[in-house]
Amino acid sequence: MTSKKLSYSDYLQLSKILDSQSLQSEKKGNLVHDEMLFIIIHQAYELWFKQILHELDSIIDMFKGDYAQEENTGTVVARLGRIIEIQKLLIDQVGILETMTPMDFLEFRDLLTPASGFQSVQFRQIENKLGMDADDRVRFGKQRYDEYLESNDRRRALESEKEPSLFILLENWLERTPFLQFEEFNFWESYQESVEKMINDDIERINENTTVDEFARESSLKNYDAIKNTYEALFDEKKYQNLLNKGHRRMSQKATLGALFIKLYRDEPVLQMPHRLLTQLVDIDQLLTSWRYRHSLLVFRMIGVKIGTGGSAGHGYLKKTAEKHSIFRDVANLSTYIIPRSTLPELPKKLKKELGFYYNYDR
Amino acid sequence: MTSKKLSYSDYLQLSKILDSQSLQSEKKGNLVHDEMLFIIIHQAYELWFKQILHELDSIIDMFKGDYAQEENTGTVVARLGRIIEIQKLLIDQVGILETMTPMDFLEFRDLLTPASGFQSVQFRQIENKLGMDADDRVRFGKQRYDEYLESNDRRRALESEKEPSLFILLENWLERTPFLQFEEFNFWESYQESVEKMINDDIERINENTTVDEFARESSLKNYDAIKNTYEALFDEKKYQNLLNKGHRRMSQKATLGALFIKLYRDEPVLQMPHRLLTQLVDIDQLLTSWRYRHSLLVFRMIGVKIGTGGSAGHGYLKKTAEKHSIFRDVANLSTYIIPRSTLPELPKKLKKELGFYYNYDR
Amino acid sequence: MTSKKLSYSDYLQLSKILDSQSLQSEKKGNLVHDEMLFIIIHQAYELWFKQILHELDSIIDMFKGDYAQEENTGTVVARLGRIIEIQKLLIDQVGILETMTPMDFLEFRDLLTPASGFQSVQFRQIENKLGMDADDRVRFGKQRYDEYLESNDRRRALESEKEPSLFILLENWLERTPFLQFEEFNFWESYQESVEKMINDDIERINENTTVDEFARESSLKNYDAIKNTYEALFDEKKYQNLLNKGHRRMSQKATLGALFIKLYRDEPVLQMPHRLLTQLVDIDQLLTSWRYRHSLLVFRMIGVKIGTGGSAGHGYLKKTAEKHSIFRDVANLSTYIIPRSTLPELPKKLKKELGFYYNYDR
Amino acid sequence: MTSKKLSYSDYLQLSKILDSQSLQSEKKGNLVHDEMLFIIIHQAYELWFKQILHELDSIIDMFKGDYAQEENTGTVVARLGRIIEIQKLLIDQVGILETMTPMDFLEFRDLLTPASGFQSVQFRQIENKLGMDADDRVRFGKQRYDEYLESNDRRRALESEKEPSLFILLENWLERTPFLQFEEFNFWESYQESVEKMINDDIERINENTTVDEFARESSLKNYDAIKNTYEALFDEKKYQNLLNKGHRRMSQKATLGALFIKLYRDEPVLQMPHRLLTQLVDIDQLLTSWRYRHSLLVFRMIGVKIGTGGSAGHGYLKKTAEKHSIFRDVANLSTYIIPRSTLPELPKKLKKELGFYYNYDR
């Protein structure tokens, strides 16, 4: 076939795509109308998972290289942006499944046993490539998630666990942020003063607040002790290591400081794209959470607190993962240490220049 | 394989679904990253088209039977509701394709010639099954849409043209609305008085309005002449036939009166579901229009006013169809003749009872 | 002024509406551009809260009367539907506030102390009128929510606590469901058989499932013990009272059975609207939760885990309420006891007739 | 009052905001429940219009200054982004008004005469500040839009017409794009070759396409003649002036070339923000169009083709403005001249450096 004759249907291989819906209820001699929707929506999910993997793989590849990353940052940001758009669609897509009544779902649910969305290897690959820590996964029983997969799928899932994840590559990239080692750069000192002032103002406000009782005050003050501690740890290698050991932090101290610098000076030209990138990763985390949450509500609507088709814990399991499976939480947590714009330490001229466009300093 | 061992991946035939993405740019030795998105989004569209057809076929089947339709109306409404949810998703889905830059699209666009979305037989089937009139179609050149399809697809498209469409079946169903032939039912007379009062009040308001000039007044009054004419035609067989002949109306007079009755007495128990059904059909029309419009904006963003990949007129063609391809416009147009709630003629007791629940009249 | 001269601006009282934005930062001599957004978005929220209260009050009034409620059900469903549309907008509206950077927010945040969204009396009225149980409220410290309000607002909030809430009125209405007391109606027996079969099938499946370990099996089986217990309690007055006493249930046994009957026979004409009403109440609950959750994410993005402007616990408090403040959970929980459509007990002819349209049984 | 005691309700001036809903139907002694929604939704629109004006004014101010604009571009992009988020909300907001039935609207519609959304001075200011050309406005009769406004509002609207609009300031800013005058920069020549190749390939494809008839071919070729003409005019002062005179173009040749350069080299660091800015302006145009279109559908649903409350032409007027009132169409139209990424002329090293970060060329 020459490309001259390429047809829409051949290009999209529609003969395969549209011939892949085989209803179990029909096979069993009692066709249930709504099973078609159940199949098609899951196939659409898997198509989009493939697209997300296509983007993720390309992003990971770009992060791996050692050539100047700035040239890639724009592309990375564009592709993460695409993943985010897809995630929003996947969340909205749940609304279509909600047009199925529980009574209709129960009509074919038993025929699907033990197949389960739990077995989507592409979804596991997405989690792993993003950087889900295998130890952070909510377990169902004492088994690992991969033990529910067929051998071929299991191999692919485990491979994606071993490869350097976006989390790891991001950490390396942030550690390389060059502006942190700037000569005579005492930026962190003035920053620390601002943070301390902000925190102390808050503590004062708590102590002066007459509308809360002793119990509430104590609990607020305790919270601020914790804030102070983790904040001090940011600048103290030992304390930080301690947080890492306890699992309270996952990202290295150096990378975290790099991320904080980017968040604070986000408006400087060189840092605009890196800042968007960090924001996007937190967005991706939150959208994964929203998707799991919306999914868990759907499962609850369909089967209540009964078990899922694969013997998975259904609604409860999904709700737990929605709460626990956050990957870039160390980046998200930095918002506690943002300071008012007007108290932001001024950058030394030389550094300011480094962060700017060539064009502006050229004359 | 027994159902005991049914796996997620087998159930969804993922080996076929996820092996159907073959990039033309890769075949030509110069892989373009974004072509994957182009393929997958169109495959997702086609999956959803299949689902819409699945719903449409079942709805048409239910409308065809002569057993008491009330039992089916709830199901029809639920399935039309599902089609609407899918349509909303398809519109949002365009947003994902918008993450592709025109420069990247142009990189592989020429490789796709002459394949084109114009060749989606499923989309044509949806239009035909809804009741698109072949004569209303915007032509590209002097050829019919089906002449661009491959022989097999063409046959399927033409078949869907010949079968009774939802439009035709709806028309029959509306003509059978039993309450229109109610004994001594002079409802239409009092209704006509209300409409005339409403229209005459408007005309008076136009004549008294000092803020518009003569030209605007003339044009408003002309508009009201037209309103009056088409309104009178509703109750005059000859005049109505004239509108049909000229193509100003498509639905029979009797069916139109049935629809109007349903719209006016939408709160009566028996009419609630039929009213939702009519509203849904207008929604489906508008969502098709929105999808075409959003699609035409996307094409414009990608190629401007240049031609589409299949030699189709691109943006211009899509914009035109967005404006012209309305199927249930006669139902939508009834809104001109809705009257204020308080001027709605009271129904005779006997009819009111007929429209109610058995339970309420049983004691 | 005569109505002839009514202007858009007078009608909407725009001179007041658009003159109500007074920036604290400007008063303090240092205008922060983004404070305008902060004011306007909260004013828009309060406008919509007023609209929700307008709908809720009218719904409560309709539920209070003792005239045949069927005539009102359509209107109630329409107005609940409007509340739901407003809630969706309120959730999307958060996205606009997300365009503000934390650094800009911190610039004027301290000027707002101790004002706080915690003090929105309209929001408290909405919660109370829906039927939030004062004892279920997440406390901040040992104080009640109303102790943070100014005297006038406090009085209004407490009043709304005392009036019959939508929850109470719904409970009464469900208890009156007439079809439950149908003569010789042994429907519940056959229903119980279906549920037991469904539950036992699930338990068998758990026991046969070789892919889970002992721990997971035990935990699944425990879950099913609980399901069986609460299910048996549905039909056992004493056991049910026990659940009520422990706070595991809030809605009366009789009302719960009424709701279950409606959920199961939702397709019968008389029950269609009541079913939509029940679904809407669960939707309203979930949308309140989603709004709180999205709001808590925003607060986290703005101030991290620091305290809110009114001394409230900020992100943590909002997250907790998102999880706990469910009002119609007993209705939502019924999904556990839904059975497959094909196992639904057939209704006795006489009852079937009672649930139908007069029209169909008239000939 | 000291700021210590600032309450939520005082801060937001809720006593004014929540006391500004006065129903005409209530005044006339016959309260219509749904009129409240009509008032509140329009008040919410006006609040958001005020916010849009707040952002627009600050953007126009930043564009006016002659200090280095790069420092502002990030802020401008952020604030345009906020306007876009608000526009999306305003479109969704229409969905709430759609919960009102036409019959209920007609119940109070006549009481509003002659007030009309046509009289929203804030909306006119938004259009004017964006740069709507007074001559492009769709007229209702022979009167100008401002003649429908009250004297005070009229003065404000006309003032906003006279001030330099965002369109004018953008044009100036684009004309100043420094990289266009680069020494020995023969970029446009190679670009022209790429465009010509692309266009000629398309023409060849049209001529070779055997699936279209003579008529379609002629019309396609005519379209390409037009494309070629306007494209040549881009580089020919006289021809371009001719397009301006005929009203086919509105933006100066120099500014248009600046915009084209930015669109083509959008990935270069210095051009990333300007490119987003251009994209946003086209988005704002399209969202205005979508809002008008959605609004016109709503009006059609409410009153059909009858006149609006202010004597305005209702649905027809809104539909026309949706099609004609585009401000940044010259920027949108550039998509016709985008070329495939791989044919983009390479920039001379010196220029490439100018467009880059200082940091990268510093060593």
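Note that the chains are named A, B, C and D in the order they appear, and that numbering of residues resets to 1 at the start of each chain.
As a working rule, contacts are C-beta pairs under 8 Å (C-beta built on N, C-alpha and C of every residue); 3 or more make two chains touch, one makes a residue touch a chain.
Model, not experiment: these values are computed from the prediction.
Peer 1: Give me the set of chains touching chain C intersected with the set touching chain D.
Peer 2: Per touch definition, common to chain C and chain D: A, B.
Peer 1: Counting only C-alpha atoms to place each centre, which chain is farthest from chain B?
Peer 2: A
Peer 1: If I rank A-D and A-B by number of C-beta contact pairs, which comes first?
Peer 2: A-B
Peer 1: Where the CA atoms of chain B average out and where those of chain D average out, how many Å apart are those spots?
Peer 2: 29
Peer 1: Go ahead and note the Å separation of the Cα centroids belonging to chain A and chain D.
Peer 2: 34
Peer 1: Cα centroid separation between chain A and chain B, in whole Å?
Peer 2: 39
Peer 1: Which residues does chain B have that touch at least 2 chains other than itself?
Peer 2: Residues 101, 113-114, 310.
Peer 1: Over in the complex, which chain A residues touch chain B? Could you list them?
Peer 2: Chain A residues touching chain B: 3-14, 16-22, 24, 33, 36-37, 39-40, 42-44, 46-48, 50-51, 54, 58, 78, 81-82, 85-86, 88-89, 92-93, 95-96, 99, 101, 111-122, 150, 153, 310.
Peer 1: Could you pull out which chain B residues touch chain C in their complex?
Peer 2: Residues in contact with chain C: 68, 70, 74-75, 178, 267, 269-270, 272-273, 353-362.
Peer 1: For the complex, which residues does chain B have touching chain D?
Peer 2: 101-104, 106-107, 109-110, 113-114, 140-143, 147-148, 198-199, 201-202, 205-206, 209, 211-217, 219-220, 223-224, 226-227, 264, 266, 286, 293, 297, 300-307, 310-311, 313, 316, 332-342, 344
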